[in-house]
Amino acid sequence: MNLNLRIPVSLRIPGLRRKAPLTPTSPGAVPGTLVAPAEALPPRITVLAYGPEEFRETELATAGEVQQYLGSAAVVWVNVDGLGDTKTVQALGDMLHIHPLALEDVFNIRHRPKLEEYDQQLFVMTRMASLGERFEHEQLSMFVGSGYVLTFQERAGDCLKPVRTRLREKRGQLRNRGVDYLAYAILDAVVDSYFPVLEEYSERLEALQEEILTNPPTDTLARIQATRHDLLALRRSVWPQREFLSALARDETPLITERTRLYFRDAHDHAVRIVDLLDTYRDIGNGLSDLYLSSMSTRMNGVMKVLTIVATIFIPLTFIAGIYGMNFANMPELRWSFGYPLALGVMLVIGIGQLALFRRKGWLGSG
Amino acid sequence: MNLNLRIPVSLRIPGLRRKAPLTPTSPGAVPGTLVAPAEALPPRITVLAYGPEEFRETELATAGEVQQYLGSAAVVWVNVDGLGDTKTVQALGDMLHIHPLALEDVFNIRHRPKLEEYDQQLFVMTRMASLGERFEHEQLSMFVGSGYVLTFQERAGDCLKPVRTRLREKRGQLRNRGVDYLAYAILDAVVDSYFPVLEEYSERLEALQEEILTNPPTDTLARIQATRHDLLALRRSVWPQREFLSALARDETPLITERTRLYFRDAHDHAVRIVDLLDTYRDIGNGLSDLYLSSMSTRMNGVMKVLTIVATIFIPLTFIAGIYGMNFANMPELRWSFGYPLALGVMLVIGIGQLALFRRKGWLGSG
Amino acid sequence: MNLNLRIPVSLRIPGLRRKAPLTPTSPGAVPGTLVAPAEALPPRITVLAYGPEEFRETELATAGEVQQYLGSAAVVWVNVDGLGDTKTVQALGDMLHIHPLALEDVFNIRHRPKLEEYDQQLFVMTRMASLGERFEHEQLSMFVGSGYVLTFQERAGDCLKPVRTRLREKRGQLRNRGVDYLAYAILDAVVDSYFPVLEEYSERLEALQEEILTNPPTDTLARIQATRHDLLALRRSVWPQREFLSALARDETPLITERTRLYFRDAHDHAVRIVDLLDTYRDIGNGLSDLYLSSMSTRMNGVMKVLTIVATIFIPLTFIAGIYGMNFANMPELRWSFGYPLALGVMLVIGIGQLALFRRKGWLGSG
Amino acid sequence: MNLNLRIPVSLRIPGLRRKAPLTPTSPGAVPGTLVAPAEALPPRITVLAYGPEEFRETELATAGEVQQYLGSAAVVWVNVDGLGDTKTVQALGDMLHIHPLALEDVFNIRHRPKLEEYDQQLFVMTRMASLGERFEHEQLSMFVGSGYVLTFQERAGDCLKPVRTRLREKRGQLRNRGVDYLAYAILDAVVDSYFPVLEEYSERLEALQEEILTNPPTDTLARIQATRHDLLALRRSVWPQREFLSALARDETPLITERTRLYFRDAHDHAVRIVDLLDTYRDIGNGLSDLYLSSMSTRMNGVMKVLTIVATIFIPLTFIAGIYGMNFANMPELRWSFGYPLALGVMLVIGIGQLALFRRKGWLGSG
Amino acid sequence: MNLNLRIPVSLRIPGLRRKAPLTPTSPGAVPGTLVAPAEALPPRITVLAYGPEEFRETELATAGEVQQYLGSAAVVWVNVDGLGDTKTVQALGDMLHIHPLALEDVFNIRHRPKLEEYDQQLFVMTRMASLGERFEHEQLSMFVGSGYVLTFQERAGDCLKPVRTRLREKRGQLRNRGVDYLAYAILDAVVDSYFPVLEEYSERLEALQEEILTNPPTDTLARIQATRHDLLALRRSVWPQREFLSALARDETPLITERTRLYFRDAHDHAVRIVDLLDTYRDIGNGLSDLYLSSMSTRMNGVMKVLTIVATIFIPLTFIAGIYGMNFANMPELRWSFGYPLALGVMLVIGIGQLALFRRKGWLGSG
């Protein structure tokens, strides 16, 4: 059926047994130990150096080359796709005086979003959402320092593509503003990446409701729950983003100008809306579980009614037939000439009487 | 049945797949990009300029004509019905120095209500409620600046009509007060638009309870849930209004005078009551789900009892008849002259005995 | 049955479709518009003017006569029973400089309890509880100014009677204290009016539990839910009272002396206890729903067991009887002289075997 | 069965219709009115006057004699067992300048625990727990003033016995410290009185689980709920104690020295643990309800399966036997010599075929 | 089955009837009384004295020998495995001026994690997690003073082994930092000990889901609940750790340097993630309960459908056979030569008709 195609077949519980273990390092390891995730891609370093009047975009071979770009333009955006090489990250960390704990977190791809202030940088970990068979997370780590923004992604995703395009084509104010506005543009793109995912899930909920009200297959409840778990996982991703966006919109930080703070307020607004929508969807998801269970029980009632009606009508009639099937020598009715039609008549009357009774009880309706 | 007419037939989940996408702009777009909603109406601009002794009401052809009214009276209320033309909105925004992010929000007709303070304006987004087959939202955006109020509506609604009438007919204090009191009058009318909707939903809940206790059709649970989803959606609309009304009643803002603040406190009170009522209604809605499921199960029990009584009485009797229907050559009872009446008598005794047992178990009652 | 008499027959959902509409005024009306509730009684004005050594109690014909009492004694308590005449209220409001929004609220008999501070008065709206078939609310509005207390009631209730008696008979400290202590005495009497209602509901819950464990009629669940809705409505009444009593016990208000504040703390304590008890009762009410549903299902299981036992025993026996009722020409057993007793014996063995099996499965017990 | 002895037979809902009415005084009574509870015992006054080097313990005949002990030693502990005589309490209240509202509360034996600060005393109401068939509350009121501690108990309980023993035998620091440490010792003994009750309830929960998994009697759910209500009632007793112990450990009060505050922090810790344990137990209690309902439904499924298997196998066979029991003149099979064994063979094949089908469906297992 | 091996067979409710009673001391005991837990091991004292350039590790025979190590190196870490001897603990407490209440808590092995500040020490109680058949707690008490860290464990566990190895092998910064960093390293190792436990439980949840969707044994629900109780118990262990780590990362304490505070922030982050994961797992656990109950009911429906189909088809047919088994003398059909085939034909038509009806109702599908 067409509806089913929209709905995930895999009932894998989200958040369990994912590609990465819960922490990259083992308990008790030296803090600041860098361990690359198991299937991480090799890093690809790109630099975008720009100002109101200039724009350079280069792909670098080694982390060391970044040094020459720093300070060469109003804003330098260093982006690393792929977390497969700890040395590259260590080199960038040393170059920019990044705290070892923050560097360790870059590799912790299952970490919850957070904002941390260090002496020389703002450190933001966040998560982009995209849609596969189910929604998928990709971690984005960002360091905002004076004159540069450094971002790490698990793989080259397209969620930041519109930001790069705006830089290249000098659309909007992006080229005229500082690192804080670039940080805003990136975080805003990350938050907005949840909207298409939400649209998809709203359609899945509609499809599930349709399915329940028509003809639910046996795995419906499992799929409803998978959807609810996804919504919960989405909420857990967005909630901390909402929190740190609120902090960025409100708090005094030397790196964020007053003027840009209004924009963070706008991004915070979006995060609030997403959380609101997710709460609504989860409530609807809970309602679908109840609806499914109730529709199951309605079907069961229908089955039982048919059994009851048929059995209740025929069991007494069969009994009467049984009586006149007895072989007693002395059964006067058997010899009456109108005995047989009389017996049939009695049976008919009993059957019709029962039907009438059931109709009065409302069992013959469709309910 | 008459009752059903009151209750929505459509079981569409509210908040899903609505006319507008979740955001007008695509993720990563330049902030401040204006995109008109898909089916937005062309704008209609009206100006009401008034003071204690003057009152002018005009419909304007272009946004540019607004300029000549600004400052011409104590209060100038510019209202735009229809969001179909971004240029009109942009022109008004430029004229009144409105922040691009606020302008963008005007077109975001699925945004949650909020209050934002900008340098030169208070910006309020809120939602009016009205009743169709189900309740409907309409967004109202309002900018309150010094000497003017600018409002945007999706379409010409009648929720603000009483406010205009009070201005025209000089009823109450409205003509004697400033822009803050006009803002209050508008927001108060918006909040009060929820009361008739609540009255309607309270009647729907009563009708649903009546229906459950008499003869529920199969879609009852779906309709209960649709009602609960509506109540939740209403709550999500009112809750943020409650919050910003509380802020307006409490905080020091140069645009709101001390005297008007008491009125905002009153409007806040109304919002609190609406949230309270919605909580009560939702609790009642949850109770109706339980009641429905229990009444289903009571009906099922009734069905099962009939089956059990009939089957349990006749199955042993049929067995006895079966015994004397056997064709063994040597069955002395068959030849007894009182064999047949004896067999009938035994059956009668067994049947009556079972009936007595069931009566003692309370199965023959109506419970 | 006697128990049932205690329990409300009417299953009307509380808070829905009550005598009064949700707001007396229509949305968008001029704030401060006075509209008397539909079936309001005509007002009856009484004045109690008292001090340590004096006490006068008079019924007045018109609101205007109140003027001459103001200031004539240490404390003047003006009480108005019946909200049927807006002019009387307006006259009193003008005389005492009451804010129009507060006056409007006096007529809003479905308003939630609240405390508001105005320049010249404290304004308290609260609700007395009494018992009819179900509990009933009556609104009490009180203005506490310097030297006077003004109260409005929907009808002449007896919840304040003990306060009047204490004044008349000079019992306790009431005559020696100021308006703040009178306000306390009134609010304390209002809060304490909930205790008898709670006692009644605790007995209803006991009766319902008794009923469920013995022989529940079909409307039990509806009555449990009606009780739960009542408890919720009671909680919604008391909760805001708790909040403003806490404010009165804590905050610095020129109208409340330090000494009286201890008394408000005591009244606050009572409100806290009532909320606590209501939470306990609601929890018990929820437990009763579960208990009812479980007892339904236990009964159902009992029914099914009887059916299963009877059917399972007799169906195979009837089959054997059916075999020897076949009319095949060549059935050697039929001609054996011990064929019939053998068949009966086999049936007996099978029947007893099944009974033994069921006993081992524990189906023959009472569970 | 042995298990049942541990579990309360009485299913009385805790907190409902207890020995005492909800308030001793009627609504609207003069505040400070003393009314002894209905079945209160006559008072027994004991005085313990002690310091590092002295210890006297006396039973007094009248409240007046207390006067001569006050100030005669470092610490004077006056204890009154039995609330049957308001005059005794009034006399003590007058002697120690106790506020009438606090005195009234002493008789309010269903009051929730609280701490109140008066000018000359700390007033603490708390509740000791003990175990009867179910847990029982006893109220303890304590006034801590400069140089004395005054306690009121409903009856002579043994929860404070260890404290008296420590005083008599000069164990620990109690004799060397002031009234604040005595107050701590008393409140600590009260809090610790909940631990044995908790141990008992943890065993009841285990016993209930055991019972559910083996052979639950029909009143199991009612007993689970009675246990849950008890746990809730316990929580409501401990929660306010936790709150005032936290206040005593934290706030600056002239009566509590810095050194003793550490001890109150310890008592607060205990209260926190008790609340934590109660939350865990309540969660387990909720799980038991679900487990019970599920085990009921599993049993029901077992019953239904047996019915289905027996009925489904024999109904078709009986039909075949019925066919060859028909008396048509022209039924050729009846005259075949191998007709009867053939019919039996067909029946056998059908029966075995069905059994095989059920085994494949997994219905013959134990599930 | 292989799956089951992963899942605890024991359904013991966690937190109930554990090895230790709820408190080691009896209610009312002298505070500061030391009582060793019932099965506590004899103590084993080890001292690690280290600085950037030195490292000594010794096992001591008596607590008195500790004195000579104090102050002999930059950091002295005294570790005691085994709480079987109160004298050893008392001696250490006296030597380091530890408050008697804190010493008492060391033996209270069921205490919830907490942080307390004393004049000369920070006192931390926390819990390590490890995996047996179910997860296990072990208590760790730690005193951090100037120049030393004193830890108590129930038994020699390996959760702190990596910390010791880092000290011995001079890995990371541990040897170069002070007591605050050692305290961090220990608490971080404790928090991280929860990650492997979480991984295990995530696999158990997956295994349970798999089991439910294939062929759940009867104890599935009990095992789901045991898992949920474990997750709750884990949460109760981690939550207070989260709280005190947040306090250590935020508050000004002379013992914790600014530089180390960043590390506590990191450990706090880990605790937050663990709580987050536990909340997700608990939600999934709740979903599994629902899934199980629904799958039970689906199976039941399948059983009922088979019964209904077989019974409903054959009951009417058997009735017809019964009619022609009657022995009336005058039954013309019996003598028709095509009577028998006609009867069989009618039965066939009825049977096929019913099958068609059921197929149309969708009862013959797999749903």
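We call the chains A, B, C, D and E, going by the order they appear; numbering starts again at 1 in every chain.
Here, a contact is a pair of C-beta atoms (placed from the backbone, for glycine too) under 8 Å apart; a residue touches a chain by one contact, two chains touch by 3 or more.
For clarity, every value in this text was computed on a predicted model and none was experimentally measured.
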Kindly list the shared contact partners of chain A and chain D, in label order.
E
Shortest hop count from chain C to chain E along touching chains?
2
Chains in contact with chain B and also with chain D, listed by label, are C
In whole angstrom, how far does the Cα centroid of chain B sit from the Cα centroid of chain C?
26
Could you say which residues in chain C touch two or more other chains, in rising order?
297, 300, 304, 307, 311, 315, 318, 322, 325-327, 331
Residues of chain E that touch chain A when the two form their complex
159-163, 166, 171-174, 185, 188-189, 192-193, 195-196, 198-199, 202-203, 205-206, 209, 213, 262-263, 265-266, 269-270, 272-273, 276-277, 280-281, 283-284, 287, 290-291, 294-295, 297-298, 300-301, 304-305, 307-308, 311-312, 315-316, 318-319, 322-323, 325-331, 361-363, 366-367
Under the touch definition given earlier, write down the residues of chain C that touch chain B in their complex.
11, 13, 15-17, 21-23, 26-32, 99, 101, 105, 111-112, 114, 116, 118, 215-219, 221-222, 225, 228-229, 232-233, 236, 289, 292-293, 296-297, 299-300, 302-304, 306-307, 310-311, 314-315, 317-318, 321-322, 324-327, 331, 333-340, 343-344
